[in-house]
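Given below, in the form of structure tokens, are the structures.
Heads up, the next two complexes both have subunit A, just with different partners, subunit B and then subunit C.
Our next item is the complex of A and B:
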């Protein structure tokens, strides 16, 4: 756990302190995102944790121990540090770059080599091709992967990331974010993550701290902040599409309902009755192998009546109107709009396990909003 | 022009002169590196940056004084021989090396230094493992400038009895033997070109491969 106790940082020659009497507790094993407009002091706070900047007053504690009780170099060796500009050593190979901190710890050579290989693979880079390359031979996204690998080299319990994905292109950024989240599930590090992008904060954060002008404005889970923005500043900062942003927090499985009606191709003429008997608004078409391959809604039945061919075509047109249980709401909504449908089948792997409706999504979000 | 004189200058006089000249150059440049590089490192440290401008200006001034004047001024203080010549030449060769050392070290990207320090590398380690390797091509280019400079100004050293290729040139002038002059000046030029190319090659070889690719 990282604790900041009444931290103030006053830069000489500036009227306002960059950080003003800040109290903040960052729980272990979580990603805590510091977010705010530029100049709000978020980077300064991050850099006070590993003593790249010393606070004017106040105490920073890591696991109860005052950081000033450790020599700054020793302290930093034990904390992963990733910056936007990456800062790979241009005259060293990728392997040598990743090996920097293990070398500071004087690990034996074989142990370093083994760890470097492990990290290159973990970061999704091609081991043979990447190892001996120089940073200038990599793309921005690849370089930042190396930057993250380098920070994790000695498996430090804490990682500080200062706008780590700010300089890479949007596609690479999404990849890097997803991978960091996937990794975090396994490595469970305490990550302090600075960004100015509220969307990135909502995506990455277990907890978000919103700053303005050196003050902590709100601290809470993404859901808390999106549901109850504490004041106008936070509301503005989140944006008018606050509730739409909230959609990102929920997955298809959160709002799915059980399936009531399945039909085989040869039962299509009876579909109206079958649905009525089951009290279902939607029926899923299954093939011989039992796999879902289409859907028919009550509206379709009304529209086509006994036109079996028409029903079949309609059902098959929606053969891709399925989501996984882990699909977030926005992607599901996008599919609903794309197929002009009211329902989506929810799959767990290959198996159909539920139905997600437009109404269900709306109710789920509204209920959370009303809480 | 007489072949006889030419031959005498080239085979009887030149080897010794060339050896003396090389000695003057090697000793001067070695001393210059030993003084200038640490001085440049010192002046590039944030704490002492404020002395940088003053020092560079003093060195600038020293270099602006014509070589012959430095040598003439050195005479009454240091006497005759190779030692005063080397001291005089040293004054002239410090500036390019100090200036390039500072430029090279300050040119190292602050992102790289920030990352290195954020990983827990000590300032000393950053200097040796990050800053100097990245600055070395630029430092070498300063050494190259200084070397060429010392080779050419070095010919004046013979005026205070330091020997070297200047002996041939001065001898040629006073004895009206253009052959001597030609051999002395020609060898001096060749030596300057040779050293320039050699250090240039060294610069290329020593540039970290990752930096060469760009």
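Our next item is the complex of A and C:
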């Protein structure tokens, strides 16, 4: 756990302190995002944790121990540090760059080599091709992968990341974010993550701390902040579309309902009665192999009546109106709009396991909003 | 002057040529050695303080502007130095101040700040950062300054003959006074060969000293 106790940082020649009497507890094993407009002090706070900047007053504690009780170099060796500009040593190979901190710890050579290989693979880079390359031979996204690998080299319990994905292109950024989240599920590090992008904060953060002008304005889970923004500043900062942003926090499985009615192609004539018997608003068309390949709603049945051919066509037009249990709400909504449908089949792998409706999404978000 | 005159001068004066060449060479070597020992650390220190860097670099520039004959004349008038090697060395070391300090300072200052920031953030000590990052990455600029210093010192050392140095400059000086063309040519030729030779050797080393990572292309 990282505790900041009444931290103030006053830069000489500035009227306002960059950080003003800040209290903040960052729980172990979570990603805590510090977010705010530029100049709000978020980077200063991050850099006070590993003593790159010393506070004017106040104490920073890591697991209860005052950081000033450790020599700064020793302290930093035990904390992963990733910056936006990456800062790979241009005259060292990728393997040598990753090996920097293990070398500071004087690990034996074989142990370093093994760890370096492990990290290159873990970061999704080609081991043979990447190992001996120099930083200038990599793309921005690849370089930041190396930057993250380098910070994780000695498996430090804490990682500080200062806008780590701010300088890479949007596609690479999304990949890096997804991979960090996937990794974090296994490694469970305490990560302090600075960004000015609220969307990145919502995506990455277990907890978000919003800053303005050196003050902590609100601290909470993304859900809490999106549901109850504490004041106008937070409301403006997270945007008028906060409820839409909140959709990102939920997955299809959160609002999925059980399936009530399946029909085979040869049962299409009886679909109206079948649905009525089952009390279902929607029926899924399954093929001989039992795989879902279409969807019929109560509205469709009414519209087509006994026009079986029309019904089949309508059902098949929605043969791709399926999501995975892990699909986030925005993607599911997009599909609903694309197919002009009220329902989506939810798959777990190949298997149909539930139904997600427009209404279900609305109710789920509203219930959360009301809480 | 015929070629025969020139060759006969070389043959008759082999011993003197060797002596002067040796003197010239040792003066250059000593001056460059002392300059490196003093100015490289000073240049490194200056990277810590912009205020002092501006002052010292301005001083070095001023010294560099003094014409060499004037410089030798000034030093000779100082009782502690007077005629001879001491004054010659001091003058050469003072001239080397500008190119060496400037190149060390620029070389180190040119290293990407983000690389230093990342290294510091990983827990590398100041000394380690200096040895493993600042010097290797600044080396192309530092070495270019060193190369200029060596060539320049070789040339100015010849002028030290006016304050009693018995080196290759003396052939030119005496040759001019006595209208002895073979003597003049010998001095001029050997000095030029030493300067060009040193520059060529250093040029080869310079190519090798650039860290490999800075040379590779995508």
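To be clear about the criterion, the second predicted complex is superposed on the first by the 371 of 371 C-alpha atoms of A that agree within 3 Å, B and C clash if a C-alpha of one lies under 4 Å from a C-alpha of the other, contacts with A are read in each partner's own complex, and residues count from 1 in each chain.
The rule is simple: contacts are C-beta pairs under 8 Å (C-beta built on N, C-alpha and C of every residue); 3 or more make two chains touch, one makes a residue touch a chain.
All of these numbers come straight from a predicted model, not from anything done at the bench.
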Overlay on subunit A: subunit C relative to subunit B, clash or fit: clash
Subunit B versus subunit C as contact partner of A:146, first or second or both or neither: neither
First, second, both or neither for A:301, with subunit B first and subunit C second: neither
Touching partner for A:32 - first (subunit B), second (subunit C), both, neither: neither
Which of subunit B and subunit C A:323 touches, first, second, both or neither: neither
First, second, both or neither for A:73, with subunit B first and subunit C second: both
First, second, both or neither for A:40, with subunit B first and subunit C second: neither
Shared contact residues on subunit A - subunit B and subunit C: 50, 52, 73-78, 81, 83, 85-93, 100-101, 104, 134-137, 147, 150-151, 160
Sites on subunit B touched by subunit A in the complex: 109, 111-122, 125, 129-130, 133-134, 208-211, 213-214
Subunit A-facing residues of subunit C, complex: 112, 114-125, 128, 132-133, 136-137, 211-214, 216-218
Residues of subunit A touching subunit B in the complex: 50, 52, 73-78, 81, 83, 85-93, 100-101, 104, 134-137, 147, 150-151, 160
Complex contact set, residues of subunit A against subunit C: 50, 52, 72-78, 81, 83, 85-93, 100-101, 104, 134-137, 147, 150-151, 160
